[in-house]
Amino acid sequence: MNRDRLRRLISSAFVGACALAVLLALVPLAMVLFFVVRQGIGSLNLAFFTSMPRPVGEAGGGMANAIVGTLMLTGIASLMAVPVGVMSGIYMSEYAGTWLAIALRFAADTLNGVPSIVIGVFAYGIAVLPFKQFSALAGGFALGIMMIPIIARTTEELLLLVPNALREGALALGATRARAVFTVIVPAALPGIITGIVLALARIAGETAPLLFTSFNNRFFSRALTQPISSLTVQIYTYAISPYDDWHRQAWAGALVLVGFVLTCSLLARIATARIRRLRG
Amino acid sequence: MTHQVSSPTRFTTGLSVRDGRDPALNQAPKAVKIDVEHLSFFYGVKRALEDISLQIQANLVTAFIGPSGCGKSTFLRTLNRMNDIIPGARIEGHVRIDGLDAYASGVDVVKLRRKVGMVFQKSNPFPKTIFENVAYGLRINGLAASKSELAGRVEESLKQAALWGEVKDRLHESALAMSGGQQQRLCIARALAIRPDIILMDEPASALDPIATQRIEELVYDLKQAYTIVIVTHNMQQAARISDHTAFFWLGRLVEYDRTDKIFTNPSEKLTEDYVTGRFG
Amino acid sequence: MRDLPFRIIVGAFGCVLALLVLAIGVELTRQSWLSIQKFGFHFWTTDTWDPVAGQFGALPFIWGTLYSSLLALAIAAPVALGIAIFVSELCPAWLQTPLVFLTELLAAIPSIVYGLWGIFVLVPAIRALEIWMPEPLRAIPLLSGPPLGVGMLAAGVILAVMIVPFTSAVAREVLQTVPAAQREGAYALGATRFEAIRAALFYARTGIIGSIMLGFGRALGETMAVTMVIGNNPQVSASLFAPQYTMAAVVANEFTEASDELYLHALVEIGLVLFVITLVVNAGSRLLIWGLGRSGRTRPSRVADVEASAA
């Protein structure tokens, strides 16, 4: 009897501990969001998006150049990563079980686990050193490498969810494999694939380490692909480790923009995924 | 109940007479459309079909019956090489369509499938509009020279499939919004659109209610004027109603193949009799 | 074979992906050759990092990386498992999706934002803790050092927050592969919830270990947040409060300052080793997780459902 009560007590304590763990994880989430909003909201205004950084000692100013820079960097990264990622995903799902598909999946998971700073070093060696020039292209290249495995794996997973009956339906009508893939299978999975790309974008938009020595930073407005370019994250970093209060405020405002972007993307992706699921039934 | 199967060749009686005469039918011989000779099929090491020989005649409805897992679908799918996409699948023997070996090395699978259309057990409309579903095969095979020709052939196919009246006002709505029976007739229309010679149907009505089933059966009856139809069914009344010839499969072998009325009233094999009279596992 | 060209083209794109991994290894080796040649294995056993004197010993960084990651793991693993168990086994079904979403958000917040929060919120809090700490405790090596705020503890905590979502997500998936029969079996023998879950955990143990290793792999390579709070001081110290350095942080901080080639090659070598370590850790954890998925994927079940059906 007594033993049973002890067992039940342990069980309840365990359940309680698990619930506590959830709360424990939500605390930092709430705190980070709270501080980002509280510290950032004060400096966030239209000027933040439209004007350039001010020198030390002058309050105000914005991150127009960094925002444009981040957009350009993620754009370059997408141009590189979407084709490679989607096509790799197609291979992995169409030829699932072949040795190359298995190797690709392993490579994608491996690449996904490579620390972003290492990707930065690699991109430096490939795209900066030979040209003796930090550049937007190099930064986009680094981010693109990080994007590829994410897109490849989500594409693969979503394509595998497309019923085989659709593939057979297309083939039975005289479609080649390529036709079936590009006219039926990929379109059927397209909403999900786009969602995956958006999530990948959100993730790389928040990356700093791969940019530190590829796209570097630029105090001025630049749209040149072969010049260093500013980015939201590197700018936040520069400001955060500076000793100036004005800059700290700017850093928080930048973080707010970044978090806002990332969370909006996640939320949209969530809603889209839920809707896709519902439509599928 | 167990049955001892002594010799597989014994079962290929009835129609599989090589000289083209057809004693069982007592009528003018029709052209042989599909000629299968000593066909065996393997999923990896597992043998799913064993030494099957039969001839399917043009402009007739041929039904395949047999217990679940006996290989009806597998056999049907060897006729348009749908099994090609299954990894590890292997085939022995010959399938001749209009006298040409479907598995000869130079054969273009895509052309073959255009000639031998297929309708699946579970309707598999593409997640596109009704119009686009029917137009799909025409588009990918480049079978319509102009927009108006395309529209004309879509309309013609939908009419052939007895679906036009129901959908003519909503051609550009999603095919997924149709009822199950309509979806299946859409898939038939889709197959008809590319004007195949042969239509393979794998339990096309098994997921439908009696009324929808009846419409499909009527459709099959009408289509036989222009096409050679091979239909797999679990439903013996259905086979008796709509087919001219019936083949009975059991454990990967062809037990008996003959005129439908003979199979159902006076089969030569005890096994067939047990099956068609329902005295069977 | 009309499909061959298609397969070749699509496969070629796939090969780009595979070759990237290879290229990273090759390029990093090439760019660190001077250092590898000059210092050999010695590089990893000496603790003097003096770029001005041309002295490069990477021991403090290895130490800092392992220390911070293990510390993070010690904090994060129980929490992550607790979350995984709660979400996949215990909580009401309607709560599952929101909780999964919230943990996903935790993973979605960029490293730099955690770093910012670390500098301005976490570090001051830890400094206050250090100042408040009674004098005798300071004699313990684990807690010694001036009250700076920045240091190993701050890095460990930040890292823990960042890896919890990864580990819990994978652990959750792993738990979902446990066949219902495992839990039902335990219940049939009169097990409590805890005992039934323990049975499930035991069944999935390799996958659970894999999920924890995956979190470890993340922690090893995490850069920005750590760089901002660990204090960036190359020393080997046991103290939680001592400012230290990690491999990722030193590369991030000093790469653009590396004035001569040997310095640069030494930094790249640190990156190379980081690459190899994370590769091994990730491959190991994947193998553990995959092995599980292959052996027993059946109908997913949850303790809560089993209980509901039993009641």
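Annotations
Order of writing sets the chain letters: A, B and C. Residues in each chain are counted from 1.
Going forward, a contact is a pair of C-beta atoms (placed from the backbone, for glycine too) under 8 Å apart; a residue touches a chain by one contact, two chains touch by 3 or more.
No experiment lies behind these values; they were computed from the predicted model shown.
Here A is the chain whose Cα centre lies closest to the centre of all protein Cα atoms. The interface holding more C-beta pairs in contact, when A-C is weighed against A-B, is A-C. Here the CA centre of subunit B is 56 Å from the CA centre of subunit C.
Computed centre separation for the pair subunit A/subunit C is 18 angstrom, with centres defined by C-alpha atoms.
Annotation: 49 Å between the Cα-based centres of subunit A and subunit B.
Counting partner chains per residue, subunit B has residues 110 touching two or more of them. In subunit C, the residues that touch at least two other chains are 2.
Along subunit A, residues 176 each make contact with two or more other chains. Subunit C makes touch with subunit B in their complex at residues 2.
Residues of subunit C that touch subunit A in their complex: 2-3, 5-7, 9-11, 13-14, 16-18, 20-21, 23-24, 27-28, 30-31, 78-83, 85-87, 90, 99, 101-106, 108-117, 119-121, 161, 164-165, 168, 192-195, 197, 214, 217-218, 220-224, 228, 248, 251-252, 255-256, 267-268, 271, 274-275, 278-279, 281-283, 286.
On subunit B, the positions that touch subunit A within their shared complex are 80, 82, 85, 87, 110-111, 113-114, 117-118, 120, 122, 124-128, 136-137, 140-141, 187, 190-191, 194.
The part of subunit B that touches subunit C in the complex is made up of residues 108-110.
Residues 7-8, 10-11, 14-15, 17-22, 24-26, 28-29, 31-32, 35-36, 39, 83-85, 87-88, 90-92, 94-95, 100-101, 103-104, 106-111, 113-122, 124-126, 129, 145, 148-149, 152, 176-178, 181, 202-203, 205-209, 212-213, 216, 233, 236-237, 240-241, 248, 251-252, 255, 258-259, 262-263, 265-266, 270 of subunit A are the ones touching subunit C in the complex.
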